[in-house]
């Protein structure tokens, strides 16, 4: 339990935490729900400008969320230059561009994998349009998550779909600028209920390797089979240099997009421990840390603030691991000792460390309280009257 | 592999199959989908009358689907007597009434378990209204499935919610007529993502026992944790006389409402085997067999026809099990022999037996082909223009 | 994050923690492993006397483990009075008696559920023998976990096995003294691989209710389907007054008997939170808290010490929950607020609180360090030479 | 339901089935069990010679099992030339060599991944010894399954273990003769309970690609997370040319090594459907089809016969799929039609087709009955008296 000489570790942790940034998803500020019901909330944004305004609030109180991912076509605007200036005026930047090829009727049986070549053409074009948006927004990452898959055995040919996918991705990849990347997400299931065309990290990695060095895997913490050891995948992708980004969220069952760290904070710590151990917290590591989650019943801005704080707390604990002691215990085969070193860090209460850091940064030590006291939530509820609230359909 | 003296079994199977009925859900004919997208289909009903017309098509070609469950308020009409006559004119009857207390904004944090007594009052009243509908439709079963639950640990008190649930159910139960039943469904998760208030058969059974003999458990085949042995639960509920109804569907992952028998036909057979072994196929057994599933990407009427056929095929195989040989092998501890007797029945191709039965009943031997040839699908696609297609929201 | 007026809660927590006891399993001190290999460890006990000596070490350093469960026939001795005195001399008591009816060749196809009445007779008699042992040891609880089940569909009749089980349990129950209890454990699967005869809490509860008020359910934290919400079951069993005991351990996958709290410390906290909220930590609540886990690769005595500490830490956090604030947030539907109250307690570092308590109790503040420094481990490794090390076979 | 022109498909199916071979595991004939108990059976082999004699019985009655895998050191003999001749005399051949580096005390914390370089050296040497055996037996495949992994977070460094693994495999690979292969198996979990060093197909594939073209992935049907779509992995590995072998078995829960096809025969059919569709049934495809399963409570030789028959039946159904109709329905987006084509083949009773084929081959049409009538089981039970029965320990 005792941790001699923790002071240097705490100092280093503080510096790393001060440099850590987490990208926010624009769609977290719109309405979301389940197939059973989407519950609207007062004050929800009606357009991308309002989404970014809300995202800027999260950064204002945490100091750690300076970028906002966009979802295209949900976040299409006439003038992305204007949107970009709007963001910068509010102190944030536009981040990754997420392609959406699952909400047009044509995509019912797939997008890049659709048996119909006309639909595949349309899906490729949608991605090329995203690349144009990226050129306008200055975004570097095209994040591709496909809803493609099958609901019934026999519905389509599993292998042909992989070939079509490879072909479509290759055409998109060819249009990348040298500083841009494709980051390819995988998901165990949903909305496809029998087979998903990019169901696991192995499939995503195979496609990335076929594409080239500007293609990287996205790991979404909610997209795995029950029991999957996610930190192992993190370690493996880092080892082969192909972890492009993280989509943070959490879940008890399937992909239910709960706030990161809410379901299994120890798992989040173990994940961040692999990140820290591999040096991947370094802003130059090429790993983009993002939230990708929804707030169905909780208020959205506080939900995002809490999520950022949860990532920070898990990161702080990972930074406090006594790596020399850990390595020594591991080398000597001391199972309980090595486990104990890790648990010592996990069991530490890092909230005051982070509060101090915020104070040092000129922020309120408690972002949740500070945001609540700001009156912003009440203000948008009062002001944003009329118009259609943003949701997954827009 | 050899099955001596199978003739008597085949004859008995034929009689049992001729008597078997499967209730259809009105909502299977409306649009449905996932949180990501609901894909509309041409010809989808705009109101309960059209839903029943479509359901009657399923009965017309299978001869085994003479009842239609309604969902309230989705299927509210001004005159249930007229709806009932409409159904009877088309050769079907109105079946169970399903209460819907999950799509009103008030129910965001629960219905019968809501911390707010006003919402609980409203939820009880919604059920009392369902009982009034039942009196008008002649329905005997009030099927209660609650979306109630929590997304986050701490969000509400697990135990208080059970107490509120018991209280609400008791008030509804007290309003039952002597020939009516509450049938209480359980579900592992979704739409609640941390805790569900009726998550398992044990919880449903405890509430039913507290209510009285007119309360029975509904087993939905898609509502269990991964790996759960469903036929065991069937056997257990039959043993204690509390299996009120079946909701058939299938799934590979979570509750995804695929066509029954599509994901694991052997499991469906094992379930029907317990039903047959316990004599619960008997129409007087008190077990109501219903479909409860959606057709997101496949056409709806053929999807229902196929599902009815899948249940019939599994039932036919279960009826062909050589129960004397099975019991003898079981008694003697002959593991492979007993297993083999069961597999012999499962491996039998029962499609011609069912085709013959249909011919005998004056039906086309192949319901899928006959429906496709009827032109009904094209007709409704052409005729049902304008108006809002029915879906989960209505 | 701020917790005003935490002082009274801390004081109450300290008192509750001082009164908390956790029963140890004698078999945790013997060798254990997987079907692939049992790795022996130096110093492992050769008989029940040595097991109890080791268990007493755990109590010596934690002050919280004053009882030892026995497994019969593994722990059969000629003179249980002598064993009892041996335990008392070492400062501990004999606890629950666990029946073992799975390691005799006769039990290959089941014990109380075996199709062969002679085997069932033998299994009932084995339990009656356990009751005799209980009378000699002063134990109050007969803990029954059955390995009974099926590996293949059709192998035996699911429902008949329930009837046989009920019959066997009834005979055992009839032999209980008024102060004795049957506590009936359930398990999702293993060693049976298709169907288990007591697979879930519902089945255990049904049998207990049929037996009478001296029959209670045992909840083993490792014995559930993936994703099962265990704290819900705890709350439900406490609500109906049938939670007889806890078997603590943890797992990432199936029942792998890792140290409690090692796989998901947040889950352990949520479980203890239900216990505390229901007042079931009270020694008079009738809930017996036990460890039931193995140490395949870690040293056994430290493994048990660590496990006791893990339960203590989770309990301490649960005791620190601000229940008034929690209830207020829950009542007002404040999802994030209520969740936050719970997380505040969980995120608290309680190790110094427990260290202080130990010092107050005259114990070393760090049991792991103190045990390691004692030289006991080295001593038994040196002394226990020759003889057969105890394991699951004895 | 109707299948016009099925005659050519049936003829082709018959030819393919006549050519299909399935390799048997020597260890299936020894005793096996769970961590709770290994139940011995009469007549179980005492040495590799007797194991091969029993395996030859399976081939004698099925005509489809002409090879036997060995496990080293379990099947070490002084003279592998003699063992080879013994096999050939009985009409079978020696197949793949399986390395066993999990039953020596040194391997408690891993073999090729062990933190201790001396243990890693020993584990590499054990594999080099296997290559020597292969040279003596004429085996082409060195099958590597490692029990390596961790039980506790922190116990060892996930990434370092991958590096050590790569290093060890490279040394073994370098010693392969040009006609030999390493085939590397993955497993989700067990006996490691927190992290497994080769847990999924992605990890196995990465190591194979790093090694070279003589390294291929082994897919064991029981080694996946719940819900994993195994046929997708089959299709993917075939697509990239890296499916080296199949380990057939089945399971309801974790890896429980039940008879292939016993738990989910539809899944086995879907798997064989991908094999057939990719032409991988061809003996020149490089895919070695093997059983890897145990018979804990059922007799072993009949258990293997039944398993071979189950694979044959699934293969026969896959061969009967009307691929033109399937492709046409898939191309046109006919979800139910395409699914229906697949199900038509699955629902066909192929037992008489296989019985006819056996008769044509001079075999008894019912291998189970023929073996039972042979008296072999009784003979070995009577003759094999004395000596130690083979099991997982030898």
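By letter and in written order, the chains are A, B, C and D; residue numbering begins at 1 in each of them.
Here is the rule we use: a contact is a pair of C-beta atoms (placed from the backbone, for glycine too) under 8 Å apart; a residue touches a chain by one contact, two chains touch by 3 or more.
Computed from a predicted model, the values in this text were never measured in an experiment.
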| item | value |
| --- | --- |
| Each chain counted as touching chain C and chain D at once | A, B |
| Target chain C, source chain A, minimum contact steps | 1 |
| Which of B-D and A-D has more C-beta contact pairs | A-D |
| Chain centre separation in whole Å, for chain D relative to chain B (CA means) | 39 |
| Multi-partner residues of chain C (each touching 2 or more other chains) | 109, 151-153, 188-189, 194, 226-227, 229, 252-253, 262, 266, 297-298, 335-336, 339-340 |
| Chain B - residues contacting chain C, complex | 109, 115-116, 151-159, 162-163, 188-189, 194-196, 199-203, 205-206, 224-229, 231-232, 235-236, 238-240, 266, 270, 274, 277-278, 326-327, 330-333, 335-336, 338-343 |
| Of chain B, residues touching chain A in the complex | 32-37, 39-40, 102-103, 105, 107-109, 147, 151-153, 188-191, 193-194, 226, 251-254, 256, 258-259, 262-263, 296-298, 392 |
| Residue numbers on chain B that touch chain D, as the complex places them | 1-2, 226-227, 229, 252-253, 262, 264-267, 297-299, 302-303, 306, 313, 335-336, 339-340, 346-349, 351, 355, 366, 368-369 |
